[in-house]
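Okay, here's the structure, questions in a sec.
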Amino acid sequence: MIIVLKKDATQEVIDHVVDKIKGTGLAVHISKGKERTIIGAIGDEALLSAIPMEALPGVESVMPILKPYKLVSKEFRKEGTIIDVEGVKIGDTTLQVIAGPCSVENKDSLIGCAMSVKSSGANILRGGAFKPRTSPYDFQGLGVEGLKLLAEAKKATGLPIISELMDPRDTEVFCEYVDIVQIGARNMQNFRLLTEVGKIRKPVLLKRGLAATLKEFLMSAEYIAAQGNSNIILCERGIRTYETATRNTLDLSAVPVLKEETHLPIFVDPSHAVGRWNLVAPLAKAAVAVGADGLMIEVHPDPENALCDGAQSLKPSKFARLMEEVKKVALAVGREF
Amino acid sequence: MIIVLKKDATQEVIDHVVDKIKGTGLAVHISKGKERTIIGAIGDEALLSAIPMEALPGVESVMPILKPYKLVSKEFRKEGTIIDVEGVKIGDTTLQVIAGPCSVENKDSLIGCAMSVKSSGANILRGGAFKPRTSPYDFQGLGVEGLKLLAEAKKATGLPIISELMDPRDTEVFCEYVDIVQIGARNMQNFRLLTEVGKIRKPVLLKRGLAATLKEFLMSAEYIAAQGNSNIILCERGIRTYETATRNTLDLSAVPVLKEETHLPIFVDPSHAVGRWNLVAPLAKAAVAVGADGLMIEVHPDPENALCDGAQSLKPSKFARLMEEVKKVALAVGREF
Amino acid sequence: MIIVLKKDATQEVIDHVVDKIKGTGLAVHISKGKERTIIGAIGDEALLSAIPMEALPGVESVMPILKPYKLVSKEFRKEGTIIDVEGVKIGDTTLQVIAGPCSVENKDSLIGCAMSVKSSGANILRGGAFKPRTSPYDFQGLGVEGLKLLAEAKKATGLPIISELMDPRDTEVFCEYVDIVQIGARNMQNFRLLTEVGKIRKPVLLKRGLAATLKEFLMSAEYIAAQGNSNIILCERGIRTYETATRNTLDLSAVPVLKEETHLPIFVDPSHAVGRWNLVAPLAKAAVAVGADGLMIEVHPDPENALCDGAQSLKPSKFARLMEEVKKVALAVGREF
Amino acid sequence: MIIVLKKDATQEVIDHVVDKIKGTGLAVHISKGKERTIIGAIGDEALLSAIPMEALPGVESVMPILKPYKLVSKEFRKEGTIIDVEGVKIGDTTLQVIAGPCSVENKDSLIGCAMSVKSSGANILRGGAFKPRTSPYDFQGLGVEGLKLLAEAKKATGLPIISELMDPRDTEVFCEYVDIVQIGARNMQNFRLLTEVGKIRKPVLLKRGLAATLKEFLMSAEYIAAQGNSNIILCERGIRTYETATRNTLDLSAVPVLKEETHLPIFVDPSHAVGRWNLVAPLAKAAVAVGADGLMIEVHPDPENALCDGAQSLKPSKFARLMEEVKKVALAVGREF
């Protein structure tokens, strides 16, 4: 850690900062320039985390040197993590596609949708059983019944399934039914939930929070990994900006930046980012071109009558056409499909 | 709800939208202008929430007429809600001040801090027992032990206590010890937690999420109220913007806007917003001037050795001076203190 | 325009709003619902722009029906605009690439760079002669001398040239030397400059402002078009968000959204958006996949010694490789190259 | 400047960075830690500005030590700047208030407004003659005629006048008529305009850009000061965030942060920030409480018939009441009025 002192820092100020650092067991290096005195703390920076360094008298600014995440970092593990979900290899050279309805509504509709997306090339089925809705008066999902229907759809199609977990008390029942546990954007910093899914061994798909920096996103993944579960898939799904033409702003630069920082696979969900079905296709193709390991796309057999997020759901026929187009882009950037 | 159709909407398009609306039982009003056809849906808009209106063919834009929140709205209840917490009347003409350390560390330090803030004019004691930390490697709080120390501090000083709840599984033990349950910014849309605190009868202080609109903030309060608990205090604590000079950007315009919309009392937490103790005083005074019902301020007997958020904590002596200044501003804007 | 009145709007309130609307010559339609009275103003909304409708007593909210831009809208002109710049057809099915150094430094370096980008497939040369720099102490460009060097590079390579205009007083000299006049992000709402370039007949490349909504972006294009110049190329170059991992956040969803709204061609500049050369390639490919009509990319023969923005400039060899990759993606999405 | 190298930086990488720094004449200090090698560049950092340090091979991150602004910094000048505008001392202990209509419309209305705001306590008159409007079809101001009317209002009331300059070609005529030249938010990084007003000797009120960081804001002030004009007043007027309940988000924390960094006086314009007259009063009071040196407030004799921004303009009677309230807050925070 580098500590820059204010212009006229006295010896007393310097000594005080030095004492603080030495108190943690770290070594100190002092550099007195013409304009500023700079103090370097040498050793494990984590030991300094409890010191409010920037609030010490005479301190102008503080700059950490090391990344706060370890287990999920590329430094910790150079080669990319490949997660095997019932034979589907996530993080490998093949582009993987998760598709399905926003929420599970009934058995026939779900199985029909599952068969359809499978035939178009998707290899994991999504479906919400517990839905985080902004309004308490909106449809909240079928609950455990929804998980059971997903399990039936898996049996019928062979597609592994993913669904969103919102409450630590539901962890056990999720482990019984789903193949990948999803943590939604609104719970990205629900640290108790992260700790809980860190203790299980099912893969976790972690969505980026609406206002989360990439650093915070990786720290949330670190929460899961710190408990022993490093089967984590990161998913960019749009961030909140001042622009209102789309529901959120899909941050595709997140993909190459994360690729530099972490060994975890990275997915992109264009459906939730844009909020309108007719924008999903161009952004799905862009996500593949930018280097995503997979896509997560909402498909509903009858969007106009969906109980949730119909506006952003593709009809199966449009999804089939999108898969054709996505395939071409995937091949153009050296991905298998 | 008003639905604007695209310029050359056909009769088929019009009929389709009309059928959708009528299918919910609402009445329809059609206005054909020179440039656009406009359809009004007359009646309870909530019935339309499942229809992806903006995604229907030929629809250009959709505008709701009614507010999505009811129980927390000023329309529902004109006079301001006053919440009595062990005799402290929140939402009344008197400015109320919550103060105390970021996290509970030990008995002596906590009771010393409590006595000190009480003598300076604070009338509710804050202290974190379960801490939401960005890093899994940082101090996570004393847990239930922290709640017990808070209860002891209450016994010693008579100050009612507030602490943050992060996990629905801890609700019961919180009800045993604390007087106000705090829901933190990161959990503002943890809907399962909101539902849980909606079922209890303790007052809830709900912090605005880092990227929450005021409408979403009120919808989260509605989640709590919908379960039967309308003893809710809203707390502005800074939003995330592009500016990095302060940790977050304190949105003081939120106070008069919320005052127009809701009958709930509104607090401001300048400490978390700015992240630096020397900016807390001017923003605390501004919060009072803008019309807040109360303040929430971090105070620590020895910020340099605080286990959490020392950079933004005031020393008791600085807090005492701030209370003197706050009092003057409060009186200038017609508040008692 | 739709005007929603507050719940208990009196007849006096209604009459007042109606009088205001009628005063402009527009017709009025009143709809009294159970919850709200709604007033529709029928006719040319532009006539209402001077009335502070939302501030009239009893008005709750106001919703415009028509788009504020006309000449640049798709309603005004259905087929896409194709701009011919010395034989390079912008907006056509072929992907066009503008490349070159951030700033013009000297003749040899510029012509070398121009030849190199041409041989890799670029067909327009960029180069800054007047540079908008955040610091007054940084290199501000060669000025008119730079324009002359660009003209020489054009003569040597046949590539048409583009350069940024910052001051209305320089318009004439720009018209003498450049083929496309660029208006930078910081001047997107420099309305006097927009008016000036509206009066000339050279094509204008207008960059989106750092905090401009797409609606404001189109309104700025409308400023130019309203003066008679509709040879306008829009360029997305990243917006300002809370994320600091990249310099700005490239908003690729802007491309399909703009395609719905306007007939103007749309370019993407990934170099300025991300600020780091190693992120340029993935985002350039994504821009093509999402449907951009062209790219604008910074290339410098020796980025380490560039006088400006070296961090984001590609070496010619890296640019050549990128063009190979971009070509594959272009073909995959049905573009010629 | 501190340069942090990547984990496994080779000697070649180190030598290359060192050579780059030494090439500028600065001295180098190398610190090899267990985890990272850190290089310090000692001396005038401005000399490094042209080196794309973060793009050099093996560089992980770069941290400037010195502030990029000099003349406007508190280090350069410890005591606050006081600007004398026709006897009105800006930056002194007295709170100063600029008030008047958004745009100058006609002589009677302007002089009536001027007399009224003067009698309520304002001591500088504002009025737009050239208006930056988002739409080319909206009222663009009276131009020079408007400046002349302002001069007449000054003669009638004795109030010094301020008006917004948008075009460098108008600088001379502004110097003839106005006492303070305003640079609007949209032109905060119109560097040619900044350079122009740096050459004159009239005081300049510089508004913060909608998406400008405080550092950029100060750099724009530095542009003016670097030309020799340090009579600069900074004005916070709201920044763009995701929140749409107010037009912009007034960032009141900017005031104490700027007070730490610069010796220039700081004003706040709540009218443009919130966009609605009924929110102006609470935020004006908050601005005074947070420490602003002055306010800028829109007042119009008949807001419903204002040609511009009527929604945010106060009626003279409401402004008079606000001044009473503002006075109380000013006195409470130790300001004269």
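Letters A, B, C and D mark the chains as written, and numbering starts fresh at 1 in each.
Heads up, the rule we're going with is that a contact is a pair of C-beta atoms (placed from the backbone, for glycine too) under 8 Å apart; a residue touches a chain by one contact, two chains touch by 3 or more.
Predicted model, so just to flag it, every value in this text is computed and none were measured.
Across the two interfaces under comparison, C-D and A-D, the one joined by more C-beta contacts turns out to be C-D. Relative to chain A, the chain whose mean Cα position lies farthest away is D. Taking each chain's centre as the mean of its C-alpha atoms, chain C lies 26 Å from chain D. Inter-chain centre distance (chain B to chain D, centres taken as mean C-alpha positions): 31 Å. Between the Cα centres of chain A and chain D there is a gap of 38 Å.
With touch defined as above, residues shared between interfaces to two or more other chains in chain D number as follows: 211, 240-242, 244. Residues of chain A that touch chain D in their complex: 2, 4, 7, 29, 31, 33-36, 38, 40, 42-43, 63, 65-66, 75, 240-242, 244. Put simply, chain A touches chain C in their complex at residues 211, 213-215, 239, 241-246, 249-257, 260, 273-274, 278-279, 282-283, 285-291, 325, 328-329, 331-333.
Per the touch definition, chain D reaches chain C in the complex via residues 20, 46, 49-56, 68, 132-139, 166-169, 186-187, 189-192, 195, 209-211, 216, 219, 222-223, 226-227, 240, 276-277, 303-304, 306-313.
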